[in-house]
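Two complexes come next, and they have one chain in common, chain A, joined by chain B in the first and chain C in the second.
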Partner chain A sequence: MILTGVLLAVFGLGLVGWFAARGRARLLYKGRGSMHSMPGYHGWHLALWIVVPALVAWLVWQAVMPGLVEGTVFASPAAQGLPTDPFQLGAIVAEAHTIAADPSAVAFNPEAQRLVEPFRQAQVKFGLMGAVIVLIVAFAGGAFGFTRIRPDFRARTYVERLVLGVLLAASLLAILTTFGIVASLVFEAGMFFKDVSPIAFLTGTHWSPASTMGDNIDNNFGAVPLFWGTIYIGAIIAMIVAIPLGLMSAIYLTQYATRDVRKWVKPMLEILAGIPTVVYGYFAALTVAPFIRDFAASIGMVNPSTESALAAGLVMGVMIIPFVSSMADDALAAVPRAMSDGSLALGATRSETIKKVLLPAALPGIVAGVMLAISRAIGETMIVVMAAGAAANLSANPFASMTTVTYQIVQMLTGDQEFNSPKTLSAFALGLVLFIVTLILNIVALRVVKRFREAYE
Partner chain B sequence: MTEANITSAKIAARNVDVFYGQKKAINDVSIDIDNGIVTAFIGPSGCGKSTFLRTLNRMNDTIAGARVDGQILLDGEDIYAPSMDSVALRARVGMVFQKPNPFPKSIYENIAYGPRIHGLASAKSDMDRIVENALTKAGLWEEVKDRLNDAGTALSGGQQQRLCIARAIAVSPEVILMDEPCSALDPIATARIEELIDELKESFAIVIVTHSMQQAARVSQRTAFFHLGSMVEYGETDQIFTNPRETRTKDYITGRYG
Partner chain C sequence: MSKSDWNSPEAVRRLAKRHAAEKRFKFIGLAAIVLSLGFLALLLVIMLKNGLGGLDWDFLSGSDSTDASTAGVWGAAKGSLLTMLVTLLLSFPMGVLAAIYLEEFAPKKKWIEWVEVSINNLAAVPSIIFGLLGLAVFINTFQMPRSSPLVGGLTLALMTMPVIVISGRNAIKAVPPSIREAAYGIGASKVQTTFHHVLPLALPGILTGTIIGMARALGETAPLLMIGMRAFVVTPPDSLTAPSSVLPMQIFLWSDEIDKAFVQNTSAAIIVLLVFLLAMNGIAIYLRNKFEVRW
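Moving on to the complex of A and B:
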């Protein structure tokens, strides 16, 4: 509480410092060229000298204070006779902490009630101490900064340098997060591969991670049916739907549609991309899947399952249409108009021009778009969770229930988990494979797009 | 047939107006273009010379909002008549553009594209002959005969433009329209194209739009001067450049504006 107030005070001081430094610098300003930096920069420089060191001090204090508080509490007479079991002790301390912050809460452990008062006292004591330290740092920083305000002082250079640092830190944070994710994926997958051989995982055709029978668990983690299901649904069925429809709509929109039609149709197509995948999921499960089951029954299949690769794939294809369409749209638009003019001027018709000149010229861009679409489709989760099923079938029958990598990851990591069992860890291995495949698809696709762009610049 | 239709000209334009949406880009242009000579359109930027050129093979049809009034006759036939197919028309009136625009295909395929669409060759040997013939007429055969399968886009700028001319020749048009064909080329490549235009006028009616008055004077026999969407003066090139009737023409030619 006290420390939150201090934080506000530091920012207030920063504001005061900004005005003070600018005012001081303005007094020194004697016309153009008389100072290295304009007064505003001196203001920023001082404000930063007040705020930044104080913030650092504040963060440090936030980190060390809980330890200091607990140390004091344990040393107090009230802490006599507490249980030594770290688990119980932790629970009691946590409870005391809650009650100290919120007096209306009721203690479950009687020991906790005893600790509340020492806890509160220690918190106030160290809070005040921290507040004083932070304010001292703020004033010290401010005083140092203020003495530096001179006509030849390069405040602008320092401020610009700090801005650069902040921007760099922001971009590094995103990159570091990615590295963190990859590292955890690799680490957990490594744990999995300690138990199961990678070769058995990548080439085995039997997937039943729940069964604990048998000595050789390698046999239960053959992920090929999962990979096949993923490819069959995401890269085959979905693309059979998405590529022709997306491409044809892009051709219509770029080549035939009048400006008015384009103005209406394109945003409507983009609405498809804005539908949450979970909505697609229940559309697939509740509307498309029963229809396909009935259709399968009508063509003579015995006991067709409600969940089918076809239902998931079809809906996924529809979901991907705007994606393919907009990539193809870009690719076609990137082909210079001179190219189609040249063809038309030879007496070629519109469709001959599209088929023989525009599409070949735009092909690399279109292929790249399709690759990105595939990488999206195979990473898609909700639709397959709702419509594709859980059975790891290695089958080419589109009416069969099939499962995918993403579906299995969801299965492994929802509900009760044991992080030392290969069953749970297999999710990370699957995630790693999925990550590598989509990464490769993305890199290749972006390369192709880049080369394609360069060809027409 | 009205009186205006009786003419020996290859192309006869009568009172042509062109609109882009509400904007009038060409105002009441009438001109006769003859076979066997080069006709040049000159004038400052934005004067409408390229727009008018593009009406002659209905390339303006591809621009949304463009509209043409008046009559343009090719061999006495109105090319804007409802019965006229713009695709068939463009096979008879070819076009070469400002920037060389070879297709992203091989040299051979660039030339074979048009003949294949119009079914001009029934066998591979026919097509080979058409390709060789077109490249020879465009003066490119000797340079590329050993690498017909290389990409058309890999040629130099001047070669690319000659490839585009060969491509236009390959469908045996009657008229070739050239829209500033040398503006993206260096002087040597330009000279080469100008020689080529001079040779080609024996076989085709050629209309060339150019920014360069020297070029018009070098390659054309007749010149039309356009200004602000109107055709100011049209006559023998020698007369236009040495003894223009209109002050505006004279001012442009002597460099007063443009």
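Moving on to the complex of A and C:
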């Protein structure tokens, strides 16, 4: 509580410092060229000298204060006779902590009630102490900054250096995120591979993580049916839908449609890409899946399941259409106009030009676009969670229920399992495989696109 | 080739065949578009047909319930709002600052290339991977409260930031060098030029990209499933650390209910979500058309 107030006070002081320094710098101004920096920069310089050291002090105090408070509480007479078992002790201290923060809460342990008063006193004592320290740092920083206001002081240089530092830190966040993803996936997957051999995981064909008891744990974590389901749904069925539809719409829109049609149809196609995947998933489960089940029954399948690879793959393909379409659009647009003009001038019809000249020339770009589309399809989660099913089948029957990597990740991590069982950890191993595969697809595709653009420039 | 060759029956036949092929090809293209848009129309019509009857004030202001007739979306919508707030406050400044650095200040060095590669890849990493990151880092390592808007917002912010960086860089790149040179010419420093002249001119483009990124984050379910944002919320969350749900998650949870009455709720919640998304995309398009300057 007190420390929050101090934080506000520090920012208030910073504001005051900004005006004070600017005012002082203005008094020093004696005409053109008399000062290195504008008064505003002197203001910022002083404000930063007040706020930054005080913030650092505040953070440090925030980190050490709980330890100091607990130390005082344990030293107080009320803490005598507490249980020595660290687990019980922890529970009591946590309870006392809650009650100290919120007087309306009721104590469960009588010991906790005894500790509340010392707790509160210690918190107030150390809170005040911290407030004083932070304010002293703020004033010290401010005083130091204030003495530096002189006409020849390079306030702007210093302020800009800090701005650059902040900009750099922001762009490093991207690297940090990538590093965080790799580190957390590798670490947790490493724990998983302590129990299950990677070879069994990558080549086994039996997936039933629910029955992990016993010695043959390796036999229950064979992920091949998952990989197959992912490829079958995301890279085969979805692409059979998305590539022809996406490519043909791109061709029609760029080669045949009038400007007005293009202006209206393109944003409408893009709406398809903007619909949340959970909506597609619901649509697949509610409408498409029963339709496909009835269709399967009508062609003589026995007991077709509602959850089919076909339903998930079809809907996923529709979701990917605008993606393929816009990639193909870019690829076609990158082909020099002279090539198609040449073909048309020789007497080829438009469709002949497209098939014989434009498409071959744009092929690398289109292939790269399809790779990106596949990477997106295999990482797609909600559609398969809602429409594809949980059974790990290694079959080529599109009407069968199939499961995917993403489905199993969700399955392993929702619900209440303990965190460090091989079952939950297997989700991270699957995530690692997914991450590596999509990474390779993306890097290769982006490189192909870049080469392809350069070739025609 | 003499003129009479073109009139020979064989040539006429061949020409007619080619023209028929041309027509066929054009028709296939048109059919592809009609089929795609037809699917969109079918989806919207089914959702409207199922959900429109359930849209009333009680539904919009209520929270989740085990009884379909009293369940509403406000609890989930408020969770979405809080989550989006965290996402926006983190990803927008960070994304813009990173875009400025990479476009205006970054030295041409090897490690900058690494930053660029990693941003481009992050934009294409499956969203569920970000969920795994959130689970491992924010919840297991930092012990942040599970299923809270804070953790959800942090996770989605990491996912949205690359999108903002990429669109921000494009917007900054589109500002012509003459603007910068004019500012240098009257004595502005590089930082002054960037913040006083380049950034304001690039801002509409950056905002467009931000809104599109936020719309994507608003519709995202998978990463939030990982960090357990599937709380059964009877009262709307009142803080960033309270357990909460979000709109897409509410749709997912209701779609799992066996009770047929929830079909209407699910579809109605989908309508609410789609209205939000369309509004956001509409604003983005409006901004782009209104403020975009062609240099």
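As a convention for this text, the second predicted complex is superposed on the first by the 448 of 457 C-alpha atoms of A that agree within 3 Å, B and C clash if a C-alpha of one lies under 4 Å from a C-alpha of the other, contacts with A are read in each partner's own complex, and residues count from 1 in each chain.
By our rule, a residue touches a chain if its C-beta (ideal position, glycine included) is under 8 Å from a C-beta of that chain, and two chains touch if they have at least 3 such contacts.
Being a predicted model, the structure only gives us computed values, none of them experimental.
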{"item": "First (chain B), second (chain C), both or neither touched by A:L372", "value": "second"}
{"item": "Which of chain B and chain C A:R32 touches, first, second, both or neither", "value": "neither"}
{"item": "First (chain B), second (chain C), both or neither touched by A:T349", "value": "both"}
{"item": "Partner chain in contact with A:I175 - chain B first, chain C second, else both or neither", "value": "second"}
{"item": "First (chain B), second (chain C), both or neither touched by A:R259", "value": "first"}
{"item": "Partner chain(s) touched by A:M339 [first = chain B, second = chain C, both, neither]", "value": "first"}
{"item": "Intersection of chain A interface sets (partners chain B, chain C)", "value": "349, 352"}
{"item": "Of all residues in chain A, those that touch chain B in their complex", "value": "258-259, 336, 338-349, 352, 356-357, 360-361, 455"}
{"item": "Touching residues on chain A, where the partner in the complex is chain C", "value": "156, 160, 163-164, 166-168, 170-175, 177-178, 180-181, 184-185, 187-188, 244-249, 251-253, 255-256, 265, 267-269, 271-272, 274-283, 285-287, 318, 321-322, 349-352, 354-355, 372, 375-376, 378-382, 385-386, 406, 409-410, 413-414, 419, 427-428, 431, 434-435, 438-439, 442-443, 446"}
{"item": "Partner chain A, residues of chain B touching it in the complex", "value": "57, 59, 62, 64, 87-92, 94-95, 97, 99, 101-105, 113-114, 117-118, 164, 167-168, 171"}
{"item": "Contact footprint of chain A on chain C as seen in their complex", "value": "18-19, 21-22, 24-26, 28-33, 35-37, 39-40, 42-43, 46-47, 50, 93-95, 97-98, 100-102, 105-106, 114-115, 117-122, 124-130, 132-133, 135-137, 140, 158, 161-162, 165, 189-191, 215-216, 218-222, 225-226, 228, 230, 248-249, 251-252, 255, 263, 266-267, 270, 273-274, 277-278, 281, 285"}
